[in-house]
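Here chain A shows up in two complexes: once beside chain B, once beside chain C.
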Partner chain A sequence: MPSTSPPQTQTKKKRRERTRNLLPFWLILPTVLVLLAIQVYPAIYTIWLSLHERQPAGWEYVGVNNFTRLFNMGIFAESAGHTVVFLVGYTSLTLVLGFIIALLLNRKLKLSGLYVTLLFIPWIIADIIVGIVFRLLVVPDYGLLSGILQNPAIFPPNGISVLTAARPPSWVGGFPFPPAAAMVYLIMASAWRALPFITLLLLAAMQTVSTEVVESSRMDGANGWQVVRHIMIPLMLPTLVVALFSLTLGGMNGVGMVFSLTGGGPGSATEVLSYLLYVLGWSQLNFGRAAALALLIAVINWILILGTLRVTRVEERTH
Partner chain B sequence: MKRLWTILTFVLLFSFVLSACAVPAAPAPGGEAAAPTGPRDFITWYQYDEKNEDPASDERVGNQYLRDTIPQFNEAFAGTWNWVNQPKAWDRMNAELVAAVQAGGDVPDLFEMGSSGLTELYKNGALQDLSEWAQAQPWYADMDPNALQACTGPDGGLYCIPIAERPHLVYVWNDRFPEGFPTTPEEYLAAGERLKADGLYAMTFFGSTDFNGNGATRAVFMTFSSFGGGYDDGAGNMLLNTPENVAAVEFLRTMVQSGYVPEIAFAGGFQEEEAFKDASAGSFPTGLFGYRYVNPLTAPNGTEYSKGNEEDMLDAIAAGDVILRPFVAPEGQTPGCNNEVTGFGIPVGAKTPEAAHDYINWIMTPVQNADWVLRPGAGFPALMTTRASEQFQTPFYQQAGEVVAASACRPWHGSLERRPEALRLIMGAVYRLIKEDPTADIAAVLQATQDEYNAGN
Partner chain C sequence: MFGISRRQWNTWLVNLALVVICFFALIPVATTVLISFKGERDIIRKPPNFFPCDTPERAFDPAACRWSVEGYQRVLSPKPSEGGLLPFALTGNIVRIYIPNSFLYAISTALIVVFLAGMSGYAFSRYRFRGRSALLFAILAITGVPLLTNLLALYQMGVTIRRAQLPFYDDRLFLIAVYTGFFLPLSVWIAKGFFDAIPRELEEAAVIDGCSPFSALLRISMPLALPGLMAIFLLTFVNVWNEFIAGYLLIARNELKPAMFGLYEFLGQNIINLQVIAAACILIALPIVILFVFARRSFFAAMVEGAIKG
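On to the complex of A and B.
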């Protein structure tokens, strides 16, 4: 039986070790390749597009001209304002309602399984469909809710025509607040659709809060609000952050609901940045300027995420 | 050995990824590719879908047209071409074509298009210049020069072949205007006041900013041009702040703010049609092709036209309940209107442009030409001999012809090249002035709008 000499054994050992060290690299390589193709390449291409403009002969380098033109568009600042109003309204309404419903469901009601199933229905409907249904409810003259909303006796002095009512005069310079009726309705429709997911997320988090902690706080004299404020919210903070992220990014980037419910109107009263991006790219075929706006939206997304993380970290430290 | 297998596996994987991303190789020049054994596919993009047999579909006329003519074409070109249609949404077709051309993807051999979208397609390098081929065809000399002009790109090339012209006019419920449809803005306003007293409206129109400001091609342009104005200076600049346009906006603002226009006119999604369908609005300025979509109808005298298809409007016109009229114009002005062209383009990268050439020549034959114009075209033929044919002497076409003859119709965009951007800006400004902020300074808003557009010239 031949025996291997010590240097040979060492070489084999080294080779095996190298293979073992490289194995993770080979295993993740396909994923990296896919990510490069579907994430990194489009991102780089978007940056490239934002610096170019299409001419009949081909693409022409225009430097930051697309950004300059974007900032000079009257609708850009207006859309940014609408985006802020929409995001604040949408995230706060969904979180508050989601929390309240989760609290109710957490009480172990009869048929709570049925409620949860029913609650989940809006989440499985595509946002385009939700938009169309909500639009049909308020179309002037024959919408199911129009008879009530447009009745001056119920909503004086002239009733509310959701899809056509003009924006009220701004309270703060040119900032679109108070919002138009259509914006309020858009927020409500968007919240209706997002509510099931957020409610279930919060309900799951709520059920991890130890009942002993809640009960002992009650024995110490805490009322319902104090339990929620000082026990539940701090313990649920990581989930609340996830919910806030999900709502903020979804609201910032979503375009389907605006598209099918209001089309950015009346006038430009519900035109948010994501919808402007869609219009620039797919209605006006101005891919350079659309790419510039896409980059700006990406930057805003980062700022929102970092801001939320910072605030919640401070909150966590406080508690 | 193991190492070799690992390397081989990854090389294979990598080559799969590369081959998936690769652009398909073009066939070798000189016809070295294998000769096709049967008829070759001829791909078209229409806004119609021959597979959609829903009788309530908005596009049933075009859908039926394709169902009827695809077998006819395939029979006429048996063994050579096999027509395959890929239906596309009308308001997404241009974008899809541009994306397909720029990405090197599959593009159709023939593309149904309107002249309104021509400059954007031209600028994005999506269309072939057809000048040389078209000029060599026998039908070219018979074309309406205005239609050819509408298909001409900024460089003078011919980027579409016009088949039908679609002028705009006013559909009128005859009984709502017992003294005849007004011819001046003052008479229109007086009629509005009279109808308002009865809980009715003088006019409904596409008043929203929906569909990227498409309303600016319709009643808004009719008003501007009837007042002697327009959207451009003839040299590629937007020109809105003129006394004629200010007067036009003042007129529209009065109509809206006085309650002569129903609220639904501003709801978007073509909801404005509802007010004409039930005759609560007495008139409806829109495209000639609008007759196809506005149904069923209930006349002021209670007559119901309820087939629920395009025949309703034609029946109402034949019965005299609906009449066609030019828009109102101040003394000394000729009523204006928008006139767009619809036809075909051949995209850059089309695999079998010769099939598209055969198809266009087939469509230019007398029977096919009239059929196309009467059904998907829904307008007047661009071929002058077809225009004179019997099919275009019906009450509908006779009235429409008289209206067009009494109007000065032209494409809304004039010399403007960034048409979608222009539409959106114009309709946004007009909406703000007539509906949202009736106290805003008209001249100032129009000036700001044209400045914003012209900054991009």
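On to the complex of A and C.
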């Protein structure tokens, strides 16, 4: 009997070793399966959809027709222009204000916990609610701000009705600049919601800038602006780029605010590409063209994502 | 100057600036609360006035304020009921249908995400295996992918599955799966970060004392990782609660749609009744704001772990 015992424990040990080696595999498998089903498969399916068109009998292969038809739609170029105007306004407004607020918070203050909590409340509110909240303020005639904005004595000649004022004549070709009042308001509402997150992101980066560098440059006679311009901004550049990319990504794909604040209007003055995707797919039931647009947006998204990963040098942290 | 140093002056000015910024940050919230407590008569006035407190003689008279809960009444539409726990029942669609739906989606998604992210975050933190870096990189890349571009394909998948008429299946399962897929990648990174912070010597000691690796995970690491898992739960809950477009498009029957859809529908039904819309917004946002104010440390910890480091 004792002679059979050693090999038995050996196989047991081996088996235990093997289950131990396979444990991480089993732990990760469910996550990988979910991501394959909900993220990877739909992405590939979108490519397939963009090359097909729905017919009564089923799906028909149409090659790049969906893309050419999409590009030939007048509303596509217009929406692309609106998206550019929106993104430039939204990212610059949010970054500048976020930087200033982070600069103010970047010191020892007794109340900084309270400030951060209060400032963060907009971030926790759903985009569709933020859209409604801002809409309530400018509802024609009855909104609390409409009383001021629509007053011709304050805003000559006729006052501004945010939700109904048409876009002024374009300065350059068909490019939608200057934007409609509704677009400016949409940018403000979006920036209001994104500010807390960007502020915290920039504040975290600001706190890694060593105080010694700042102090010594102060001693050498640099003023506040020079410290910001020549020390803080260069040292925070990676974070600023990450913030810019994440704002662009969110602004490019956010649709709830447009839904509840302007509904794309007045006319099509706030119809951005993400909203056009909804209109093509679910209002006009034109899935092929919508898929072509989705693919286009996805390509831009991936450029932004890979850019972010490059800037943050994420490979170093995956080890 | 007055015995106050320049540095103290600066601190005062910074505090003043921050108070002003907080004030502006909260104005839209405050005005919504204000509107929600107005009556119809004060809502449809031209030009609008901020406070419903004016009298023919004075512009503002605190004694004459006409506050009203009409907006809330019309959202909740309480009706007397017999035999229930309460003497009345709330029959408004938002409280009767849409908010419970949102609770269902948010809680089930958050539980699944915590479970899956806990397992895989632990594996990524503790084991070195082939393909680990590539997989982590892929998950981080997917974290950035927004819902919008996949929505057409997901919609088609939903239609196909619905046609198959599987037993026990309805759109709710699909929506929960979609939410899980979208909020999982970030949570995996957050979980990995939290597990990285727990010294692995603790588990090794337990294994040497005869504990199996799996029960070491359950008995030693999980309790220590609990604050992190809690943060993931809260973040996912809020993300699902606030999501609009997927809940709107991927569910066919209106009575299964979440609160954000209910609100959107409400907006179309009450174009002039601003007090009703404002009250609905407050009722839907309030649970989340309260959750945030009480658990803000948890939210910030998750954000630092996931968004700022990651």
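In the analysis below, the second predicted complex is superposed on the first by the 263 of 319 C-alpha atoms of A that agree within 3 Å, B and C clash if a C-alpha of one lies under 4 Å from a C-alpha of the other, contacts with A are read in each partner's own complex, and residues count from 1 in each chain.
Convention: contacts are C-beta pairs under 8 Å (C-beta built on N, C-alpha and C of every residue); 3 or more make two chains touch, one makes a residue touch a chain.
Nothing here was measured: the structure is a model prediction, and the numbers come from that model.
Visitor: Thinking of the overlay built on chain A, is A:139 touched by chain B (first), by chain C (second), by both, or by neither?
Guide: After superposition on chain A, A:139 lies in contact with both partners, chain B and chain C.
Visitor: In the overlay, answer first, second, both or neither for which of chain B and chain C A:164 touches.
Guide: A:164 contacts chain B only, not chain C.
Visitor: In this superposed model, does chain C or chain B come into contact with more residues of chain A?
Guide: C
Visitor: Which holds for A:119: it touches chain B only (first), chain C only (second), both, or neither?
Guide: second
Visitor: Determine, under the contact definition given at the top, whether A:128 touches first (chain B), second (chain C), both, or neither.
Guide: second
Visitor: Between chain B and chain C, whom does A:290 touch in the aligned arrangement: first, second, both, or neither?
Guide: second
Visitor: Counting only touches as set out at the top, which of chain B and chain C does A:56 meet: first, second, both, neither?
Guide: first
Visitor: Should A:37 be classified as contacting the first partner (chain B), the second (chain C), both, or neither?
Guide: The answer is both, since A:37 touches chain B and chain C.
Visitor: First (chain B), second (chain C), both or neither: which does A:210 touch?
Guide: neither
Visitor: Which holds for A:223: it touches chain B only (first), chain C only (second), both, or neither?
Guide: A:223 sits against neither chain B nor chain C.
Visitor: Please report the chain A residues shared by its interface with chain B and its interface with chain C.
Guide: Residues 30, 37, 139, 141-142, 281-282, which sit in both footprints.
Visitor: Spell out the part of chain C that touches chain A in their complex, as residue ranges.
Guide: Against chain A, the touching part of chain C is residues 11, 14-15, 17-18, 21-22, 25-26, 28-29, 31-32, 34-35, 43-50, 116-117, 119-120, 122-124, 126-127, 129, 132-133, 135-137, 139-142, 144-157, 177-178, 180-182, 184-185, 188, 213-214, 238, 241-245, 249, 260, 263-264, 267, 272, 274, 277-278, 281, 284-285, 288-289, 292-293, 296, 299-300, 303-304, 307-310.
Visitor: How about chain A: which of its residues touch chain C in the complex?
Guide: Within the complex, chain A contacts chain C at residues 20-21, 23-25, 27-28, 30-32, 34-35, 37-39, 41-43, 45-46, 49, 101, 104-105, 107, 109, 111, 115-122, 124-130, 132-134, 136-137, 139, 141-144, 146-147, 150-151, 192, 195-197, 200-201, 204, 246, 249-250, 252-253, 255-256, 259-260, 274, 277-278, 281-282, 287, 290-291, 294-295, 297-298, 301, 304-306, 308-309, 314-315, 317-319.
Visitor: Would you tell me which residues of chain A are touching chain B in their complex?
Guide: Chain A reaches chain B through residues 19, 26, 29-30, 33, 37, 54-58, 69, 72-75, 135, 139-142, 161, 163-164, 166-167, 262-268, 279, 281-286.
Visitor: Which chain B residues qualify as touching chain A in the complex?
Guide: Within the complex, chain B contacts chain A at residues 2-3, 6, 10, 13-14, 17, 21, 91-92, 94-95, 98, 102, 120, 122-125, 155, 208-212, 262-264, 266-269, 271, 274-275, 418, 420-421, 424, 428, 431-432, 435-437, 448, 452, 455-456.
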